[in-house]
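Some structures are shown below for you to check.
Here subunit A shows up in two complexes: once beside subunit B, once beside subunit C.
Our next item is the complex of A and B:
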């Protein structure tokens, strides 16, 4: 069922996209939300479910791929995504009927709204991650053998590339090299597929989920009430309320193919005395409580300010801060063997089995 | 003895500290003009304390905040200009009217410091007479990627100064933020305040020379430190909102705690900050909701709430700064300082010289990381000494490395704060041993 989004939805989506980002700096989300709210004046934005399209309609994922300068340090000019969609259409000789998010969190959770306003294409309430992962190969579409290519990329310099590639892993290498040379990020259009393929292999309801999360977190209520509502809606659990005692950067060796350096945060649960350790690389990958794995990627882990119930940015974490550590179960596809192969801790260089593998 | 002095409107308020002791509390002078109030205030101190006054630190935050911003031309350097109105950089409402013209110049760098586009210096020089023709005195220059390379910003600034030596220019690479709009906003606001900063520095210098020719004059910064008065004309933005930082430092000084929690209670409510190594714990940005943030290291002061964790093992000071104390403090808080009314002025008087290094480095591993971090600590130490601190009394307060999410492999951000005292300060306000602790 299609929905016309309003500026209040965008405000809530902004919060939801930040919550599911597992605490990356949200500035780029703020900037996009502001742009979208201004662009909505006099224009409508349609959010549709994938079943509203004809099965063979061409749909494409739009999203930023980053490796280098932050999006917020090199703001988009504004023509990049339209250039990518045109390149995909030229490459395939077909018109794109609708767009969807490359990832349902962080900046890519909100970017499709701007692209929808600019292109007048409807935005599908679905994505191929159900969260955000750092690699473009880490998608449920890849698990379903949906081709990632052709991929169109355009950077702030106005330079554009179309990569004709079949393997998602190979695409990762090629795209990341191009993105680096484009300055640090590129607008991309990838995973062009039929509406039927997206219906079968995508994660559905992701945009509306972010809006609902935002409604909960933006409400004037207590932190405990927010946690309760989130638990009901997302089946999330609070792992601990703990105080930061140590922060360490470059805390683990890393594969240079993965963006960003690993870091770790150690906290102490002052009620129980338990020691909580967060292993971070772009997102929070692992939570150990007294040495035991309590959450591991693809589980989502996010941090909330224990006093205000607002999302904590990793950049702002200081020794002494008290926060709630919240675990959210990811989309079901990620807990299959193929899903865990792509995204469990080993995929991030951490030699630990996901608990679901051990219990399988 | 050290003086903490606050300017506001046409009045001055002072506190005098002798070591840890307040020897003159909260004297306020009102006059027909700010220079008159300053003259009267300083002459009164000279009569009372003579040459015993060795340092004066002035909180100019309120004056900076109340003066009209000067007009600024904003020069933005990026590979291409925005394609539509929605993708234009949006400034906070306070600053937006000060920008009389925006100029785009092709250029910018990536995170590795490599040019994204050649700097269109030729095109800029051709347009420069027209840009400067409308009585422009203040310019802000912001380039994409200037955290990695300031080359394009400095070349544009040099080109302007080559045309007119008297233009006041603020470049964004002087302020650390990984967000273009934060640096752009900060450079614009700094540029718009430079005239006021210059006027205040001249006024304070002249009055100080007349009354206390041997005293060192500084201005209070929003990180809880101070900088020589000459810096006020160049970086006035760091003097904005210094009062909260000085409140934290002052309350901690009065309580004698170099490490712990400081709760400040005013008519507006209770706020909480922390003191570490004898200085307020600071963040590199002053956030303003969803608007651009001010890229200035500033003390963190956040609302105290009912959920605030109470730690028995953690020193805490509660300062009641309210004018009227008829009503009990919220949350059952009980003041631990009996006379804290002038805490912010005590903080100004006690503030050490502080310097920051905040930059990106490329590292190949942990050993290399340690090397660049040590280098940054040496540079921060040197920067504090250049401000006037004595090498033997200068310590590293904070030294942190931050991973760059989704950044180039091997590039990290290093942030170091150094603080020091001058030869004049034989007695530290907070214990020396506490300084030098890194986190």
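Our next item is the complex of A and C:
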């Protein structure tokens, strides 16, 4: 069922996209949200479900791929995504009928709305991650053997590349190299597939979920009430309310080609004395409570300010802060053998068994 | 193991002070120094899940570094009750130290190569184990010098600082020494027995749970002492068998149960003298058995001999047809009474466990023939058999009542079924049989019998008349003994009367013996 989004939805979507990653720097999300809200004054934005399309309609994922540079440091010109979609259409000789997000959080959770407004294409309420992962190969479409290519990339300079590639792992290497050359980030369109393929192998309801999370967090109510509503909606659990006691950076080797600086935060649960340790690399990958694995990627972990219930930016964490550590279960595809192979802690260079594997 | 126990016990504090852990920095030390029994060098976190308790877990340098790794390693080591976790210096964070403190597990940092530390520690543990081996060899030599079972057990106990050590068979303590057992003791057991032997003894040490004993070491000591235990037991059994030959001979020679004891004595005087039996000396014969000849288990000989030592060590126990026999010198009646009391108190429970009973002959001043007292003891043992395992019965308390114990109750019941069908099918059968039994018990006195049953004499008289109507030949004197027997056998249980201690009543008055499925047996 299609929905016409309003500016309030975009504000909530912004909060939801931030909540699901507690990203290092949310500036870009805010910039995009503001641009989208302004653009919506003149035209409407349609959110559709994938079953509203014909099964063989061509759909494509849009998203930013960054390599060390914050998008806010070098803002896009504005035509990058349109250029990518045209390149895909030229390469395949077919028109794109709808677009979907590359990820269901962070900047890539919100970018498709802007692209939808620019291109007048409907935005599908689905994505291939159900969260955000740092690698473009870490998708449920990849698990479902949906081809990643051709991939179109366009940078701020107006240069454009189309990579015709089969393997998602190989695409990872090629795309990273091109993105570096394009200046540190690139707008991309990838995983061109039929609506039927997305229906079968995607994660559905991603954008509406972010909007609902935003509604909960932006409501003027108590933190406890917000946590309760989130727990009901997302089946999330609060691991601990704890005070930051120690922050370390570079606690793990970084030669794995993964795009962010690893760091660790240690917190102490002041009521129970439990020691909580967060391992961070782009996002929170691992939570140890008294040394025992309590959450591990692909589980999502986010931090909330214990007083306001607002999302905490990892970069802003300071010793002495008290926060709620919330665990959210990821899409079911990620807990299959193939899903864990792509995204469990070992895929991020942490040689520890995911608890679901241990009990399998 | 007095001397070596502390020397061979490696712990974290000791090795930090003057051992292979000396160069490492204690980041957190538990208040009580952990015991060290082994060391592992791990390069994968999952390997810690397999370590044994009291192991030092050394994280190899190729495992990488990072607080998360140390945290997870601490957790897994703690779950496995490891002694300590050793990490490379610089690989830890202060937060990990907090976790070590919270979990209560020692965390050490080494500035050298963790692998080198693990090797040095392994060598030290190996050296300590070789000291243990030397000590075990010393213990083996010491116990090998002991020739009696009691001495062997005492030596083992001494080596273990006086802990309780015992030899048991199927839960029956055959010999014990050292501290008496307590509830909280940790029991270490080692099997003692030949592969083809039906008898398996268990050697037990009851170690207080104070923690000063290394339980594995205690087990090792028991294991090295096992051959000495077995040798001492076999030697004692062999000696007992040799010493028991004269006793066995009496049972073997007395093949004519109809002959009087005096005839036996005259016939075998020369042989008895040669065997060492002296005329005119008083003995009490003790016979052990299961109460039923066909249940005789010769494999229990060794067990019973060890138990018999608790009563007396001088009189050897002979294995004879259908049981075991011994002749104990008894100068007077008191000695005989004491013997019976000792048997009952020291062996009664063990006999019950083993399903055995014991019978004693009477003590008499005129020193009766040995064959006679052996027969008395046998009869007493067989009577005791019908009372149940663990019974110790003296023939003196049995007297002529012994005869009734040899009545085949099944046969008597069958006779009653066939000859008194009307009585047997009568609905008031039990009442009538009870009345009959009481009447005959009281020498046919209606008044006394009625009183014993708490009835009016007219009621009893009416029941006796009813018995006559149902065909009971109550007025034919020659049939009275048989009627009495039938009444005794068929009399229903009387729950208000407890089993009498008096042996003369054990069979016929005890509730369970009044039933007819019990103890069917003809004359032996």
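As a working rule, the second predicted complex is superposed on the first by the 357 of 360 C-alpha atoms of A that agree within 3 Å, B and C clash if a C-alpha of one lies under 4 Å from a C-alpha of the other, contacts with A are read in each partner's own complex, and residues count from 1 in each chain.
Throughout what follows, a residue touches a chain if its C-beta (ideal position, glycine included) is under 8 Å from a C-beta of that chain, and two chains touch if they have at least 3 such contacts.
Quick caveat, the model's predicted, so the values are computed rather than measured.
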- Task: Specify the outcome, clash or fit, for subunit B and subunit C once both structures are aligned onto subunit A.
- Result: fit
- Message: In the superposed model, which partner reaches more residues of subunit A, subunit B or subunit C?
- Response: B
- So, does A:291 touch the first partner subunit B, the second partner subunit C, both, or neither? second
- Tell me which partner A:34 touches in the superposition: subunit B (first), subunit C (second), both or neither. first
- Using the superposition on chain A described above, determine whether A:15 touches subunit B (first), subunit C (second), both, or neither. neither
- Spatial angle subunit C-subunit A-subunit B, Cα centroids [nearest 10 degrees]: 110
- Task: Determine, under the contact definition given at the top, whether A:307 touches first (subunit B), second (subunit C), both, or neither.
- Result: first
- Which partner does A:206 contact after superposing on A: first (subunit B), second (subunit C), both, neither? neither
- Message: Going by the contact rule set out at the top, does A:140 touch subunit B (first), subunit C (second), both, or neither?
- Response: neither
- Item | Nearest Cα pair across subunit B and subunit C, whole Å | 11
- Message: If I apply the document's touch criterion, which positions on subunit A are contacted by subunit B in one structure and by subunit C in the other?
- Response: none
- Task: Give every residue of subunit B touching subunit A within the complex, in rising order.
- Result: 78-87, 89-90, 108, 110-112, 116-117, 144-145, 147-148, 178-182, 274, 281, 283, 290, 293, 300, 303, 305, 307-309, 311, 363, 365-366, 369, 400-410, 412, 439
- Would you tell me which residues of subunit A are touching subunit B in their complex? 24-25, 27, 30-31, 33-35, 38-39, 66-70, 72-79, 114, 134, 156-158, 180, 183-184, 223, 243, 247, 249-250, 254, 256, 258-263, 270, 280-282, 306-308, 314-316, 318-320, 322
- Query: Mind pulling up the subunit A residues that touch subunit C in the complex?
  - Reply: 245-246, 248, 251-253, 264, 266, 268, 273-275, 277, 279, 286, 288, 290-293, 350-353
- Flag every residue of subunit C that touches subunit A in the complex, lowest number first. 44-46, 63-68, 71-76, 78, 93-95, 98-99, 102-103
